[in-house]
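Look at the two complexes coming up: subunit A is in both, with subunit B in one and subunit C in the other.
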Partner chain A sequence: MRTAGFVVLLLVVAAAVFGAARLVDNPYAFFAGYVVLQYIVLATAWNILGGYTGYVNFGTAAFFALGAYSTVALHKLTALPLPAMMLAGGIVSGAVGLGTGYFTLRLRGTYFSIATLAMAVVVQTLITNWSFVGGSRGAYVVRPAEVMGLDYVQYLFLLMLLLAVAAVTIARTIERSRLGTGFAAIRDDEVAAEANGVPTLRLKLVATALSGGLMGMAGAPLPYYVTYLDPASGFSLSYAVNTIAMPLIGGTASWIGPVIGAVLLGTLQQVATVTISSALSLLIVGLLLVGFVVAAPRGIIGWFGK
Partner chain B sequence: MDLLQLDLLGNALVSGLLLGAFYAAVTIGVSISFGMLDIVNIAHPAFIILGSYTAYIANTTLGVDPILASIVLLPAFYLLGVAIYTVYDLAFERRGDASIRGLAFFFGLLFITEVTLVLVFGVDYRLVEAVYVGPSISLGPIDLPLRLLVPALVSLALIGALQVFMRHSFTGRAIQAVAQDPLALRLMAANPTRIKRIAFGLSIATASVAGAVLIVIQPVEPSIARDYIGRVFAICVMGGLGSFGGTVAAAMTLGIVESLTATFSGPSWSPAVAFGFLLLTLALRPTGLFGRS
Partner chain C sequence: MTALLQVQGLGKRFGGFVALADVSFDVAEGERLGLIGPNGSGKSTLVNCLCGTLRNESGEVRFAGQKLAGLNAHQRIRRGLARSFQLPRPFGTMTLAENLRVPILYAVQPRGGARVPDIARRCTDLLGMVGLADKADRKPADLTQIEMRKLELARAMASEPRLLIADEAMAGLSHQEVDEILALLLRLNAEGVTIIMIEHIMRAVLAFSQRLVVLVAGRKIADGDPQAVVREQAVVEAYLGS
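On to the complex of A and B.
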């Protein structure tokens, strides 16, 4: 299928999702749906680096929270519309991704992973000590009641839906381009790829910047969604765990894997959080992650097809 | 610098050194698993917190000294390590696919351990009671709190014992050999998988003692494992992967820098110190400050 046709198809699916959510006519549908969509973006973004090039990022929470805190800062300074803030959050996180990658991607993949863990704590400490964005006390963001006649939560849902369409389109386009071939070469044998003239460092930097940028964009609307943001919730480890678990459970080889993982795990957690408890739902995610990497290394999509 | 500042500096240096000895005990398990076996066990700090909680249970329900309890519990932690390695070996090393999924496996274990501890014990800070928790010895202007001194001595004893084992026993030498050349080890009629299993068991066993000294030094709650991930890997990399002497030197350096930061800039900055150190080490000298280049 051509990319144009694929985008049209995705937009039709997105329109159907939005229409269905409006039919349910329950504000909770939008609240829960927003989280699932946010995880589609995060899981897809993680997979661009983790699944395609084989570099594991443990710092999702940092990229995500940087996007959210860019919005908090911009909200205090200006009156930009939210899509512009999302772009700004994406640029900030993308730049941090580029910087982290530049320093650590020359090393073995393991060091990159450890560095991303470290980066998440450094960024969290900086934000906690930065009183302009609320410091450790957190920041309140007043959410407008509506935008252009649309309820604001529905507006957030719609923006995240469009971002999810964009993220999935980017992932699928990469898979089918020379860039994707280069990424796969890095994942399979980096030394051989380098020897064959693949510009490995440059490709890895493209992947980190793109992946980090998308995570930042996913985080940017968060302050308006929660209306109160503190470092502990913005940098929660559950973002990192979910974002790794979803692609690995769905399957990392193709764009559909993270989407399947995000929809399944995201929905499961929304249900389990309401019916059981949020701690237990996180435990389920951890157990599923370990279970899948041990027993089903190719994820759910490995059960179908070749 | 006036006299008061000098006092502060002296105290900060001493408590940094003591803290550093404790950091070395926290790191020694990772020096074995990551430094020697090339297994990126990022869940190690979570097992240390588990060690804190087992010492806490022994202390509060049976009234046993926490450090003594942790020594009694060494075999249990060793067996836990053997069990984890057995799964890891079957699922990842045999398939030759240890990178992404292996990392995700340990990340999952970290998370499961933390959430389980939260579910069982809640997020309250827990403390232990022992004769050495309160008092301190004064050497002129310098205070030596026993709460730091005893853990530092226990930590150094643990590392010393491991060092003797690695140098002088057949198994210890085989562990050092498996890090360098598993094939040669096989030719010497030793089974690399068995040696690695023992070594990984030992690395998790150290978490029992490290956890007990941790809860003597500071109150513990499940999520503080994360603060130690950065410290542990920073020290391990700075110490030059797998070198015990390097680990102790790097741990003491970090302990002193952290203690100075906490004294002169405030404790809210100290988590960033370890991670900043790690990022700088990785960027500038990935073979470690004390490693061979």
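On to the complex of A and C.
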């Protein structure tokens, strides 16, 4: 399918999702749906680096929270509309992604992963000690009741829905492009990739910047969603864990894998949070992850196709 | 006429270990050069230095008259300097055809070659050349050892190199399989590709090479007509002991 046709299809699906959520006529549907959509973006972004080039990033929370804290800073300084803040958050996190990539991509495998985890700790420490954005006290963000006649939570939901469409389109386009072939070559054998003409360092920087940028964009609306943001929740390790678990459960080889994983795991967590307890949701992730690593190492999409 | 590849005083050390010391030789356009030496003599290090996988500390490499210093491996293959790996390193999650797409997209296209509609046919042609056309949609894991070597060579050829360095492309193959690879390399050379063959199988090296360079402990100890070189006292001692 051509990209244009695919985008139209995604938009139709998105419109249907939004319509269905409105039909439910329960504000919680938008509240929970937002989180699932946010994880579609995060899992897709993670997969661009982790699934396509094979570099496992444990620092999702840092890129995500940087996007959120960009919004906090911009909220205090300006009166920009939220989409512009999302763009700004994406640029900040993308730049940090580029920097992280440049300094750490000579590290391979587990060493790269540990470096991203360390990066997350450093960024969290910086934010915790930066009083302008609330420091360890956290920051309050007062959100308007509605935008253009739309309830604000519905507006957040809609923005995240569009971002998810954009992220999935980007991932699918990469997968089928020259860039995707280069990423896959790096994942399979980096030395051989370089010896076959793939500019490995440059491609890895593209991947870290793109992946980090999308995570930042996913994080940017967070202050408006929670209205109170503190470092402990913004940098929560559960973002990193969930974001790794979702593509692994769905399958990392294709754009659809992270989407399936995010919808499945995200929904399951939301349901468990409401019906049982919020602490249980992480346990579910852990058990599912272990189960899939043992029983279906290529994820759900591994069950189909070859 | 200047040589296609000029290696001048090449040196490489790993810590205190001198892997290559003052290695110099030329390779003419269209030549078939054999490079031999006992295990650990620095052959693979030399290949890695020529192809940009490792950086040499001293000396200079010129390819088609241009200095290669500071160029990464991907920039060197784009200029026409390709290598096959001693142990085949295929892209495991890709089909054979997709394996060949990588150098076509990343080594040939940046030079302005290979228009997109031709790529699929080019992959089929290359696989046909090494007799793997019917396995174009299979994964490397399905291949036998010799098929893996052929894929490795086909992938190196997909970059349309001027110079191909075949690093032990025949190690571990049967007598007949060695002949197959040998015939393949001779055909490539006849089509105009300059080839450096690194090999332990003397029968193959002698059948292939127009000239032989011998490395021992990181130094070049002989360079010349293959039949004469293998009779030189120093070469015989290096292989058999004095």
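Brief remarks on what is shown
By definition in this document, the second predicted complex is superposed on the first by the 306 of 306 C-alpha atoms of A that agree within 3 Å, B and C clash if a C-alpha of one lies under 4 Å from a C-alpha of the other, contacts with A are read in each partner's own complex, and residues count from 1 in each chain.
One rule holds in what follows: contacts are C-beta pairs under 8 Å (C-beta built on N, C-alpha and C of every residue); 3 or more make two chains touch, one makes a residue touch a chain.
Just so you know, these numbers come straight off a predicted model, no measurement behind them.
Judged by the touch definition given at the top, the superposed model places A:274 against neither subunit B nor subunit C.
In the superposition on chain A, no contact is made by A:20 with either subunit B or subunit C. For subunit A, the partner with contacts to more residues, out of subunit B and subunit C, is B. In the superposition on chain A, contact is made by A:111 with subunit B only, not with subunit C. In the superposition on the C-alpha atoms of chain A, no part of subunit A is touched by subunit B in one complex and by subunit C in the other.
Here subunit A touches subunit B in the complex through residues 50, 54, 56, 58, 103-104, 107, 109-111, 113-115, 117-119, 121-122, 124-126, 128-129, 136, 237, 240-241, 244-245, 248, 252, 279-280, 282-283, 285-287, 289-290, 293-295, 297, going by the rule given at the top.
Against subunit C, in their complex, subunit A makes its touches with residues 178, 181-182, 184-185, 187-189, 191-201, 253. Those residues of subunit B lying in contact with subunit A across their complex are 40, 42, 87, 91, 95, 97, 99-105, 107-109, 111-112, 114-116, 118-119, 223, 226-227, 229-230, 233-234, 237, 268-269, 271-272, 274-276, 278-279, 282-283, 286. By the touch rule above, subunit C contacts subunit A in their complex via residues 51, 53, 72-74, 77-78, 82-83, 85, 89-94, 98, 101-103, 105-110, 155, 159.
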